Amino acid sequence: MRVITFCDALNEALRQEMERDDSVFIYGIGVPDHKRIFGSTNGLLEKFGPERCFDTPIAEDTMAGIGLGAAINGLRPIHVHIRVDFLLLAMNQLANVISSYSYGTAGKHSAPMVFRAVVGRGWGQGFQHSKSMHAAFAHIPGLKVVAPTTALDAKGLLIGAIRDDNPVVFLEHRWLYWQEGEVPAEPFTLPIGKGQIIRQGSDLTIVATSWLNVEALHAAKILARHGVNLEIVDPRTLSPLDEELIISSVQKTGRCLVADNDWVFCGFGAEVAAMVSENCFKALKGPVRRIGFANTPCPTARHLENAFFPNAATIVRKVEEMLDLEPVDLSAENFYSHENRFKGPF
Amino acid sequence: MRVITFCDALNEALRQEMERDDSVFIYGIGVPDHKRIFGSTNGLLEKFGPERCFDTPIAEDTMAGIGLGAAINGLRPIHVHIRVDFLLLAMNQLANVISSYSYGTAGKHSAPMVFRAVVGRGWGQGFQHSKSMHAAFAHIPGLKVVAPTTALDAKGLLIGAIRDDNPVVFLEHRWLYWQEGEVPAEPFTLPIGKGQIIRQGSDLTIVATSWLNVEALHAAKILARHGVNLEIVDPRTLSPLDEELIISSVQKTGRCLVADNDWVFCGFGAEVAAMVSENCFKALKGPVRRIGFANTPCPTARHLENAFFPNAATIVRKVEEMLDLEPVDLSAENFYSHENRFKGPF
Amino acid sequence: MQATNVELYKKLYLIRRAEEKIQEHYSEDEMKTPMHMSMGEEAIVAGVCQALAPQDQVLGTWRTHALFLAKTGATDVFFAEMYGKAAGCARGRAGSMHLSWPEKGLLMCSAIVGTPLPVATGAALANKYRRSDRVVAVFFGDGAVDAGAFWESFNFACLKKLPILFVCEDNAFAVHTPRTDRHGFESICDVARQFRSNVFEADTTDAEEVYNLTRQAIAAMRDNGSPCFLQLHYYRYLEHVGVYEDFDAGYRSRDDFLAWRARDPVAVQRKKILQGGMVESELVQLEREIDEQITVSVKRAKSAECADPRELCDGVYKCGL
Amino acid sequence: MQATNVELYKKLYLIRRAEEKIQEHYSEDEMKTPMHMSMGEEAIVAGVCQALAPQDQVLGTWRTHALFLAKTGATDVFFAEMYGKAAGCARGRAGSMHLSWPEKGLLMCSAIVGTPLPVATGAALANKYRRSDRVVAVFFGDGAVDAGAFWESFNFACLKKLPILFVCEDNAFAVHTPRTDRHGFESICDVARQFRSNVFEADTTDAEEVYNLTRQAIAAMRDNGSPCFLQLHYYRYLEHVGVYEDFDAGYRSRDDFLAWRARDPVAVQRKKILQGGMVESELVQLEREIDEQITVSVKRAKSAECADPRELCDGVYKCGL
């Protein structure tokens, strides 16, 4: 099958859905400019015109509410945020209005909307451009939260989110944009609310979100050479969560590490750890552990950034600790650096 | 010692701190009006004048940022929100600016601020006036989150929050306003970050937040009559969390139920459950359980509201389940109703 | 005009009497929902809604009663929701503050200050997108003008030339805080005039005047494509929330009230249609019919079924997960 | 005026040369922080800051370089922060986008559009509360005018008569989106004039003009107590973020740039002080000193220590917990 990038998969999903359904439109700061949200909105302005693909004033709370009004009147808005930090300006509309719209009509009406928001480490972006905050969105009943890892999932889940009748927060890690994978050319959906085992293993289950699946796979490769066999579950949808998949994996392995692309305290990782601890009480051979961002706003200087973000090495060390293994030698390992892909601000 | 209400304890804390330190001022919608935030700001306008006690336009995000600017210039603002839902409009300033102010100066400066916000069930308030959302605040490094239960704690922790050099979100459950307790007349502080065992017991630890401590105490009383001895831990501060206190209680009882005054999924209860499961792995005789709001926006009609909010009965039933007991007869029990205190909107 | 004036009067009378019924029954403690009463603003809501076509759309705040009744006339559904019953527009989930009925054009009422404005703007955007000639009218208090959402929404509507009326129901107070303690400008109309919009102001309790002004506004909008801003002054008769007067609270005076009450919108309109030729007995007959409708609706609501509590979590998401 | 003009020139030259140094070294990939360059706006920042007293306070956006250097002159600290070193104003945590130095009056730079405005307004509130005659100046782009926070802040400052200058650095673009695609009004000054404020506009690259206008603004503010709004037009020379030109991107033309470049603020001021009587050799000497200062600062920054990674979580809270 054809191999394309995560970014091109997003772009294809958008194009195909906008072709298929003229109620779909896309808007947000920079959506139609020449940078095209890192290329993900390429070609949409040309193909669908400025009424279906437009820029906005810098007014996130209002622009989110505008999406709701459009959705109430039958459209399917896609609101794009080049950083999730900017979506926090719309917390009021999300938590106080959008999430309860359907409920407030006793379920007779609904608000099909997608909020695309880019997360993830940029290039010295610092504390105002490095958040994830998916737990805060996932906490709110009425919102769905999706975070794909692969190109295939990016396309299938974005189409799924657009066709979903509910508001969906769709989080895209910047570093995933270059991930390549086999993706069908025709439109397809993947079910929102279904996770995926991206690596089969027997010794320990890693539940990873977003980019940390890539790091987990790398860690698994390293550890496999030392006889440790990790299973990796990508929930893909954070809310509603595919609890069964995670539970059945941990029932099998007896151990669980949650690697969440966010702060640990009161994060999504806490939910997974609590849920697994509750449901796999007997099967667990040791406590569920969590890793994530350091408990601080994100610094800018590279060496501090490196200490802030977890990666494959963090995962390896944590797994070793959980399995009571001697630390393997990582000095010859080449850990991922986005600078292989780009230098300068993202 | 003198017995006063939670509300009067808040009021006394404010008055004494404003007397002691002329850099303290209080502002927010309705703060100086005749209703005085349910009486908690009584007398402040008269005593300290309109420069230190003032109303504001309805502009929460900006008013929060104004507090930060005042704090940077040496004042100690107290920003009041009659519902926490309105504080969500300030999520941008809280998450993107206020929480990282100190860190962004490498710790050389800080932003002493208090955000008082009322939470809790009103009287048919519905989905736009019934949130708690403390997990979303607690998730953000740089913010502290406090939620007192008793009149004593209300005074000691509010003074502690005002004197703290960091931004503190201070959550007050509306129903607690009438709780009475012994409170010293002179100013005192209680340490932020320290929890409290409000009932000693041996069979099971309940970690409860805010109003749910009152319900937990009621549940404990009922169960005590049936030979079950509950320990209740009130963390009082949700971030930073007094993990040790909770852990040592669960080490002793071997069982833990988290009763959180919020939605369960990705809530503060998840953090406690994950933390306890991790740290008390050996001591736990059964899985940590969680209760909280139903997984839906809050409805208005009373019978639906009753199904939405947990209470002492919910706790009793959950404890029975955890301890594998026969359900006790609750038909003669009188569960708390705020209508004993007031009818009509809150 | 007499026919329109009669229609206007029916709306005014219906709203006023429905709220008087709420006052009558509220202390029975069966309507367990906070009431933000419309009394005093009836001319605004009736006048604007009368000028709208049935397919036009409205949105409002927590002060929902007049708007719901002016747009739908459906007292059964109204009282059922007040009583928290399954026959209410939201099966009891919404209560007084969040009434809506999208099929009838009442898209949403939202009780967070400022929030209806973006939603209304988006609804207007969709209408334009679909080349519909539907008009959206969003009602909000002078308090919403404090909020960034007002400025962002109004700016966007002016920028995109959206078919929307911004109707500021100005009672000069946000809860108990006077406008002068909240606004750093003299006149919101003067500010709005600097935007690409059509601006109107009225200080009237005459629903017919509001109706005519609204028609004028819609005509201007159809003409130049720009949205309208209407500042319509009124006096809130009762406390901010609740069914009683509050002139003893000290933040406003009973004298002001009495001056406004002397030109009460219902009384003004009643006089007008009598002058317009309706005979008193016919009018009384009309009023009795409305009274009867309301009495029956209250009775039905009181004895109606509650929603099954097992429904609690239904409709949070459409189509389940 | 010549003395002031020389001071202005020193600021302009320092800022320009410091940024040229960034351009020179950026590709070495040692300054790993996104750069939003000030080139083109120097006259605004230098002019306003020159008119302020040292104890006056400023706040800005992500476009921090000119403001930091105009207010502090501290090139060592500046470059150390660019290079992520412990000697930087935030020990490397802040990078280019979040420079601050409260002791020197640079209270904060914040990279979320609109956010510096409330904070600045609060700083002014505190100054008034303390009966200080300190003035606050907040710098923001035309993009911030899109945002509710601008309206809420400006309204509050006008309401409370706060001693603050709202300085809109208007380059007619937010990233690549022209003002005309974002604003539903012709002139922000016309809107601002409807608020209780003093409003000024200038389309100049002459720092002296900006300086004089700012003094006039401050005088008006001291006179009537109302805050000031200044719309100051300029042209951003480089791409929104990064150190290169971007005229091939298609959203604006090189011709526009050339027209502005013909009245480049640094060149304009240089010519002026020569005409004012400074001899060329003296001027060159002054320039060489600044060049030398910058070169030394860069060198120091390159070889400076990084903060210990164990500091990562220090200072999140003051006094530990």
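As written, the chain order gives the labels A, B, C and D, with residue 1 at the start of each chain.
The criterion applied here is as follows: a residue touches a chain if its C-beta (ideal position, glycine included) is under 8 Å from a C-beta of that chain, and two chains touch if they have at least 3 such contacts.
What you see is a predicted model, and the numbers here were worked out from it, not measured in a lab.
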item	value
Touching chain A and also chain C, the following chains	B, D
Identity of the chain that, by mean CA position, is farthest from chain A	C
Centroid spacing, where centroids are CA-atom means, of chain A and chain B in whole angstrom	31
Averaged-CA centre spacing for the pair chain D and chain B, given as whole angstrom	42
Centroid distance [mean C-alpha coordinates] between chain C and chain B, Å	36
Rounded Å distance, chain C centre to chain D centre (Cα mean)	46
Junction residues of chain C - those touching two or more other chains	91, 93-94, 98, 110, 112, 146-149, 152, 155-156, 159, 181-183, 316
Chain B: positions in contact with at least two other chains	56-57, 59, 61-62, 85, 89, 92, 96-97, 103-104, 127-128, 141-142, 295-297, 299
Touch-based graph of the chains, sorted into line, ring, star, complete or other	complete
Interfacial residue positions of chain A with respect to chain C in the complex	25, 51, 56-57, 59, 61-75, 77, 92-93, 96-97, 101-110, 141-142, 144, 165-166, 192-193, 240
Contact footprint of chain A on chain B as seen in their complex	61, 85, 88-89, 91-92, 95-97, 99-100, 103-104, 127-128, 131, 133, 135-136, 138-142, 239, 241, 263, 265-271, 273-275, 277-279, 281, 284, 286-290, 295-297, 299
Contact footprint of chain D on chain C as seen in their complex	146-152, 154-160, 181-187, 190-191, 194-197
Interface residues, chain B side, partner chain C - complex	29-30, 33-35, 55-59, 61-62, 85-86, 89, 122-129, 294-297, 299-304, 306-308, 339, 343-346
Chain B-facing residues of chain C, complex	26, 29, 32-35, 84-85, 91-98, 110-114, 143-144, 146-148, 174-177, 181-183, 241-242, 249-251, 306-307, 309, 311-313, 316
